[in-house]
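Same chain, two partners: chain A is paired with chain B first, then with chain C.
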Partner chain A sequence: MTPSRLAFATILAKDLRAELRTLQSLPAMALFAVTTFVIFRFGLDRTSLSGSLAAGVLWATLLFAAVLGINRLFVAEREEGGFDAIRLAPIDRTALFAAKAAALLVYLLVLELIVVPVFALFFLDSAAALPPLAAVLLLADLGLAATGTLISSMAVHSRARDLLTPLVLLPLVVPLMIAATGATEPLLTLGGPAYDRFGTWLAVLGLYDLVFLLVGYAVFDFLLED
Partner chain B sequence: MYGKGLRTLSIATVAALAAALSLIFFYAPLDADQGFIQKIFYLHVPLSIVALLGFVAGGVYAILHLRSGERRWDAYSYVCIHLSVIFAVGVLITGSIWAKASWGHWWVWDEPTLVSFLIVFLLYATYYPFRYAIEDPERQARYASVFAVTAGAFVPLNFLAVRLAESLVHPRVFATTAGGLPGSMMLAFLVSIAAMALLWVTLVKLELTAKSASGQLKRLRRALDAPAPGAPSRVAPEV
Partner chain C sequence: MSEAAVAVAGLRRDYGERTALDGVGFELAAGESLVVLGPNGAGKTTLLRILATLLRPSSGEVRVLGSRLPGEAWKLRGRVGFLGHEPLLYRDLSGRENLRFHARLHGVRGGRAEARIEALLAAIGMERRADQRVAELSAGMRQRLAVCRCVLHEPQLLLLDEPDSHLDAEGRELARALIGPGGSRTRVLVTHDPERALPDADQVLRLGIGGRAVTA
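For the complex of A and B:
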């Protein structure tokens, strides 16, 4: 393994192990999401959802749950001196970006593994849409992981970390949400999944992922300089 | 000094604005379909073009800042984004007026350009709280530049996504911006673009001058306490 790959694997394993031992992000994210579903049930006064309403509820909930995790992504690095250690280590700094984005991706996937079945159980008539939905979820998670890591790594150094992450992140992920809800809406229509412009939306999601992974890769070096 | 040429530039701006306004109101014909309200098009479209180009310029200066590490480019980037945000407010207001007059509503969700522009404006509006929440000035400049680059990459993606969300239902109404205009309207439109661009450049230069002057003043005040000979006359503007 090259040194950067080794650094990537080490940081990622460290993050996942820390999360497994402390459980400080994932349970909160999942609990938040399930509670939000309950609030939507009463806020919309619906016991079952389909089409654009279902897509909107699912994505708004997932996005806000993701923000909880994104907020905490770099807190340990900042408080325990992880940033200084990375700066001292003779490794490519982008390894930290890649590892953190990968860790966030894992969090989001685990979150969705718990929360999307709950969503289907609460609101959907059939689970037929879930397999194609997985592709949308994966692509949207990649984009969220890229932008979330980038914004979180900057916001963690500010006075108003918890405020800043959602403030900057939400407008930044609007195109991602447009594409994700656009792809999800026909999947969740009554009477089985439809694939209306599914490919177009997946292509937009892929393009968003590509652009922001490249941007993150290009600028992350500057965020660690001191 | 940053103030050099400011007077000539201001005079040129005033002349261009006067020319644009007189062309708009006395030379360009009334629109057969929309009538007098169509005149706001000569303000709205140039404003939005200049604001978007200003955001691009902010991103380019941010790249320069990240590559060279010179604080000057960060100040340029800040001022570009700052003025473009102000122009963007103008775009949203004039767009709203136009929408009310020609579609009957102050806000129309299915006009993709309008919605895209709102999202871009919302993103750039977070530039200020983001920038000023970071205390260390070096880090603040660096992070603000990273923001400007990221937001620059976001703008075309956003226009693409919003356009796609509407394209099947609503065909573009204003696809004829250049091709469909008669010559006299085109002339007024082009002069308006030039005038708005000049206005933007003048304001950028003015703000840079003011910030440079206040930076110099701060340095002079400090020098009164501890005199240091041979200070440079061109001080980077402070943001």
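For the complex of A and C:
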């Protein structure tokens, strides 16, 4: 057997190289998010947001931008024979799950590096909330990466994958979004970040991540069977 | 007497209500070549995909290189070279990058991988085009790279589904040196060109419509 770490690194490096070369996912995700912020800014007719409204605008935008990347995550594997190549290799197939989730995590982190400053510029009075917000983003991204990878690997076999991914994914990430907005809301209150129940929400996010990473690890091998 | 490299008995595979293979059986010793013939839809590709562990049989006994399928498929992976209808190459990577990717997945690394890749690219006449993205290559050149991918990890068993597809005369001769008969490698070859394949065959399996073995 090829060591799982080597298989993981090989698949992840392949995905990142292909994305860097083709820019098929990240620019679309970033453009979608920035455009949505512009729509919110003019639609709400507000130059400043705080509390639950700010958290809702941020997470709804990030979630739908993430769906664009999740939809494309396994397209090369499906259309160019990557699934067969990986099934023929002497590797633990969960390395594919881990590598795809890691690739999606990288996409989400890069997306947020671009669009969260834009969000702050459009809607926040100060950048004081951004450092603690990074912890929320990281934990929520991990959960989105685990769930998104799992759903994408199933939906990619369907001709209606563009429809199927959001239909199955969105209900599954409702708890994640509740926790993410719950943790974000006090950080974006007027007058600077507060930390009411911040730790509790982070713990909920961590628990969600753990559950879906374990589910992915447990079932992914079966999803690759014919 | 040594164990057969491939032993199949009563193999059946259904796709829903359609039967692709029905009661297929044969035994192939190590180093032998089996040529599989039959009309379109006779289940030739299905047979190869089952032997490659890419499909599960619906029923029947399948033993490949000592591993019983599908239960012991994990033992077999990495010992089989599979060349199917798709080249299994990523279009946005170059030929060389694709071969490095497959080499690493099969545990071939570092200088050994580089030496093997260069030798194969030279053998198939692709060394000057190996840094082009696969999307920019012709179907014949992709097939040449797929031949390299198939033998990169020095498999004991080759499963070849119309390996000459898209290849010109030169390509066919170069590919023959890599995946043709000879040596200790066992081969199962699906072809629509019996004139070229039969002289090298130790056994012939003819499949009819519905996946029944006509002769073995």
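Going forward, the second predicted complex is superposed on the first by the 224 of 226 C-alpha atoms of A that agree within 3 Å, B and C clash if a C-alpha of one lies under 4 Å from a C-alpha of the other, contacts with A are read in each partner's own complex, and residues count from 1 in each chain.
Here is the rule we use: a contact is a pair of C-beta atoms (placed from the backbone, for glycine too) under 8 Å apart; a residue touches a chain by one contact, two chains touch by 3 or more.
Note that the structure is a prediction, hence the values are computed from the model and not measured.
Q: Following the overlay on chain A, give me a clash-or-fit verdict for chain B and chain C.
A: fit
Q: Mind working out whether A:Arg21 is in touch with chain B, chain C, both or neither, as first, second, both or neither?
A: Touch partner of A:Arg21: chain C, not chain B.
Q: Go through the superposed model and pick first if A:Ser48 touches only chain B, second if only chain C, both, or neither.
A: A:Ser48: touches no partner chain.
Q: Figure out whether A:Leu6 sits in contact with chain B (first) or chain C (second), or with both, or with neither.
A: Touch partner of A:Leu6: chain C, not chain B.
Q: Tell me which partner A:His157 touches in the superposition: chain B (first), chain C (second), both or neither.
A: first
Q: On chain A, which partner touches more residues: chain B or chain C?
A: Comparing chain B with chain C, the partner touching more chain A residues is B.
Q: Of the two partner chains, chain B (first) and chain C (second), which one does A:Leu88 touch, if any: first, second, both, or neither?
A: The second partner, chain C, only.
Q: Applying the document's definition of touch, where does A:Glu225 land relative to chain B and chain C: first, second, both, or neither?
A: both
Q: Now for A:Ser126: first (chain B), second (chain C), both, or neither, which partner does it touch?
A: Neither partner.
Q: Given the superposition on chain A, what is the angle at the CA centre of chain A with arms to the CA centres of chain B and chain C, as a multiple of 10 degrees?
A: 90
Q: Between chain B and chain C, whom does A:Pro171 touch in the aligned arrangement: first, second, both, or neither?
A: first
Q: In whole Å, how close do chain B and chain C get at the C-alpha level once superposed?
A: Least C-alpha distance after superposition: 6 Å.
Q: Using the superposition on A, tell me which residues of chain A are in contact with chain B and, in the other complex, with chain C.
A: Common to the two interfaces on chain A: residues 225-226.
Q: Quick one: which bits of chain C touch chain A in the complex? Just the residue numbers, please.
A: 52-56, 74, 77-80, 82, 84, 86-93, 97, 101-102, 104-107, 109, 133
Q: Would you tell me which residues of chain A are touching chain B in their complex?
A: Interface residues on chain A, with respect to chain B: 147, 150, 154-155, 157-160, 163-164, 167-168, 171-172, 174-176, 178-179, 182, 197, 200-201, 204, 207-208, 211-212, 215, 218-219, 222-223, 225-226.
Q: If we count contacts the way the header does, which residues on chain A are in touch with chain C in the complex?
A: Against chain C, the touching part of chain A is residues 1-3, 6-7, 10-11, 14, 17-18, 21-22, 76, 80-82, 84-91, 225-226.
Q: Once bound in the complex, which stretches of chain B touch chain A?
A: 66, 119, 122-123, 126, 129-130, 133-136, 139, 142-143, 145-147, 149-151, 153-154, 157-158, 160-162, 164-165, 168
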